[in-house]
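Please find the structures below.
In the two complexes that follow, subunit A is the common piece, with subunit B as its partner first and subunit C second.
Let's look at the complex of A and B:
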């Protein structure tokens, strides 16, 4: 706790709350998790993460680099990751698009790194200063080929801190790029921030180990031994399909095995990777499934609904991928409707529908005008759904 | 008789048309970019097609809500592909026999960093266009981050002043020189304190763009980013020229020429004193920057002497 107070105000203080910007909280989370390499390129609305890193990293003996574009940024991070450190970059939609090829490469060579995407309205230049959740499926399927993905979504300033830490932890443990999605509102919002708000999923320095070629003991059988460049061995690192030695292979059996292992090391650990909160558990006829800034609206909508006597529960997802199949199906079995408010045209609702349609009706509630969904809008939709049901 | 007397052309003699920009535009007070935009548009004429990208010029060139702030045709393309997007235009205009001047107008971040590859590609292919870089030595629109154009020692939000950092540790790319080495028909540097010089270069560039790639690198101070008073941007341009920090030169069909020779260059401290982002430099650091400036000027002089 003291450490990030030190970072935030450059002096140790004992006040229990601080007013911190989301992007800054993200950088502080990364620093406290032990990230000591950052390469980035300016883009609204994520530049403040880079600026904080530019101020803080030299002081703690880390490496800060401003690169010539986002492709260079992520490639520098992969290079750093291959020396055994853990690297991070931050960007927004257009830059995230540029990074896609390298994200696939990082997945293939099992380079641990964290990519923060503070989403803005797209496609293309879109609206740089308006929030969106339009990059959700790009975070999952943006790069080519069959690949696993670890994608988290932050809904407030505390999330920016703790989920960055979680992303670092997952990247390091599963030796894979981990993507943290935020949006313009979460990134630019300033709100009070304290240990109480960090709450669950708070990690400590014991959760991280940046020793080169480190593999978590539990993961030894699932993660390929890391090839550390500069370790006086002669490792071979390639984006070609390779086996555990690092050398390319055309052998169908080895190729199949390698790719399946990449998936399995993520898929077999869904219980650890899938972070979520359920509010008003088991008391709702409608479940609002939300993530990112929409989850804030959903939580506020829950309070409104309670006042108005509407039976609602909220499933707040912090992990979008790997898909939290178990909790979605558990909730789907007990509610009549799943309402998915999101700032896109139903990208994640389609994923939920695939998982839940055997048990419940999944209703997408998309908004793409660059404004947030209000609690009132959500509650009105809930009332409408329940009303319809009653009248049938 | 008086009219027949030969006189030096004045800046306004180069104007092709009235100002194509609205009177009040959404740029910072004292922004040199505003003068640059209005000037380029008046000298090159209103029929140019502007190609640009998200940058400081975006609030004005892209327009806001329903209204643009200008009357030019404008193609706001992706930051990675300004010169290649413009190539699509020029190649098809050529095939269709359409007379049009395509003008790429980007900042130093696009030209020197993210769009450098396509700029270099277009120069190598000798595409028929004018590329104007307004060099405000950083990413000012996203919050004053360093770029490849940021000089040694400058304080920006990503090269901050502090215990472990004394501003940018490396020199700026010598961008006009790099483009000149592509052997394109026309390359020049210009700034807003020497508008006649700039106007002549724009006219030459327009002519050169009929046969190939023309590049103009414009020194364009940023009031908030450089921490200078809003009435000082032209003064900073002038001092940059007088200290040889930004020499005015051109390379036309292989011939190098300094277009504004400074007889008695001022020491660089005149510039670092004026500009907030360089004011923290101590004597040694100023000397180091001075050495970089002197070296570049000697290279330029040698090229002018050898191929003048």
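Let's look at the complex of A and C:
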């Protein structure tokens, strides 16, 4: 018996704690959330998600496909989604680049879909087995045209499980592609995993009906009526600008209305979509704003800082997009610095600066050498900032 | 009920007239497809037509069954997802030579290899019509295009040879001038359980004919007809005699090869039947 197998796990996690890899936990979360269709293409460091799906999906009567490339993978998922099947794909940077056009299509036709990107150092082939957060802005703006985005970031193995479930929930409720980002290290690390751990980090209030359905009972209002292949309406689905009938339109007023509606259905629900966690709330002069593996370093840095008498709080973001404007601005109003450690050259720090610079100083702390940011590095930077402030 | 009335029921009348140019052959072959759907008595709810991007793919906007206007080159990948999620559906792909053989060429060969139960009708007008007459991978050497103003120097694909070599189990070629024969091929293709590839040669007077004589729609139809030889005629001809000819008819039909979706269903049954021994309990 291999311990990570889904059916083994289903029985075991209720009674004990298991050692599970992040990528496996992602696949298990998807299965628990009702994903029954997976099409993918192998790529490091995400392949274990696909391998787990290849093993498990036939056993639950689902469909697993290894396609000829990442473009075909996401397009097969969209095809399945249009029939009302809950579909997911997983990839890494180079494959994620290939999927961008289709992500725009899924957004345009309002197809629920989950895309997992386990990030490696780029650009190009880069360093396939080294962690990175270099695809944050690609996740937001990778496809062309004005479009909304739902982007989550996992920081540990439990996150890989529950944020995959959250991504499924958001994809269905908002009928849109939902992207889950993980740093390579989050996908590959093995950690204790139990229902208790998952429960401790419950992110969303209330219960959610995970019954796979294209016409989800909890669907938000700001969407066109869903067009499901196989339904009596035998609909037309197109990536052209279209009206509520699903057919193309060149009408300026309808084009404008539809594009704004696509944005509003995400933007109007930030309170639900923006998942975060504040540690040492209201007690910091410096707030470390972090996501993914850096959030774990930030949490450890908080303990170090407390020992060293440095007033720090941590804002751990699970949702990167839509932008968590309200919490960023709330924190910005009370701290002197926002320090943003990231495994890139300040991609998300720029977003925070746009939201927060009226009230605080946003400092980017980027690292792109393929190693993790350590708690010590973060605390040293905090000390430096406070020292600098004291000396002014 | 007359055929004409029923054909109208299969069309979105409110979206007509169509966008194709006068003399275009796409409408003729679309008509053949619709008659095939009627003849087979397919249910509209369980019939899905997927198009890519280009002139021929726009046919999906006029056909009143489940239709998907996908992204450029990926219609077969969409169709693969639809068929695997809903095996009971009849799934047909309408694509062109640019969409299906250039940008989508990789998906075409893999769909052939899998022998998935899809019917792919590739409308080959040997030019990029919608974008303004650029060269296509099926354009014969020496022909002119807006991106080959001095004549193109690449050899052309023989798409039926490609499909057969890649593993398609039903391969046929027809011309718009012989639309009844095409209708029959499409009907047989849809009935065939496995990957069916039907190449339909269609004239594009607007973008191909204007640069390459003969120019007019009728002359272009007649030119293809003059070059057409049936499979049985071709069998008696030498390679030299076949130069410049268009071999039409059913070029390949293999009903024995395992179909992809059925093979997957068997795998699921086998794995689920063995859950006790494979599973983790």
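In this text, the second predicted complex is superposed on the first by the 356 of 392 C-alpha atoms of A that agree within 3 Å, B and C clash if a C-alpha of one lies under 4 Å from a C-alpha of the other, contacts with A are read in each partner's own complex, and residues count from 1 in each chain.
Simple rule for what comes next: a residue touches a chain if its C-beta (ideal position, glycine included) is under 8 Å from a C-beta of that chain, and two chains touch if they have at least 3 such contacts.
None of the values given here were measured: they were computed from a predicted structure.
Asker: Quick one: is A:238 in contact with subunit B, with subunit C, with both, or with neither? Answer first, second, both or neither.
Answerer: Second partner only, subunit C.
Asker: Answer with first, second, both or neither: which of subunit B and subunit C does A:78 touch in the superposed model?
Answerer: second
Asker: Using the touch definition from the top, say if A:25 reaches subunit B (first), subunit C (second), both or neither.
Answerer: neither
Asker: Is A:102 in contact with subunit B, with subunit C, with both, or with neither (first, second, both, neither)?
Answerer: After superposing on A, A:102 lies in contact with subunit C but is clear of subunit B.
Asker: Let me test your reading of the model: by the given contact rule, A:230 touches which partner, first (subunit B), second (subunit C), both or neither?
Answerer: In the superposed model, A:230 contacts subunit C only, not subunit B.
Asker: With the two complexes superposed on chain A, say which partner A:47 touches: subunit B (first), subunit C (second), both, or neither.
Answerer: first
Asker: With the two complexes superposed on chain A, say which partner A:266 touches: subunit B (first), subunit C (second), both, or neither.
Answerer: In the superposed model, A:266 contacts neither subunit B nor subunit C.
Asker: Which of the two, subunit B or subunit C, is in touch with more residues of subunit A?
Answerer: C
Asker: Pick one for A:349: touches subunit B only (first), subunit C only (second), both, or neither.
Answerer: Neither partner.
Asker: Going by the contact rule set out at the top, does A:58 touch subunit B (first), subunit C (second), both, or neither?
Answerer: Both: A:58 reaches subunit B and subunit C.
Asker: Residue overlap on subunit A between the subunit B contact set and the subunit C contact set?
Answerer: 58-59, 68-69.
Asker: Quick check: in the complex, which residue numbers of subunit A touch subunit B?
Answerer: Interface residues on the subunit A side: 41-44, 47-48, 50-51, 54-55, 58-59, 64, 66, 68-69, 94, 98, 124-125, 128.
Asker: Quick one: which bits of subunit B touch subunit A in the complex? Just the residue numbers, please.
Answerer: Residues of subunit B touching subunit A: 54, 76, 78-80, 109, 112-114, 116, 139, 142-143, 145-146, 148, 157-160, 162-165.
Asker: For a test of understanding, state which residues of subunit A touch subunit C in their complex under the given definition.
Answerer: For this pair, the touching residues of subunit A are 1-3, 5-9, 11-12, 37, 39, 58-59, 61, 63, 65, 67-69, 71-73, 75-83, 85, 87, 101-102, 105, 229-232, 234-240, 247-248.
Asker: Within the complex, which stretch of subunit C touches subunit A?
Answerer: Within the complex, subunit C contacts subunit A at residues 12, 15, 44-48, 50, 60-61, 64-71, 74, 77-86, 89, 106-107, 110, 264, 267-268, 271-272, 275, 278-281.
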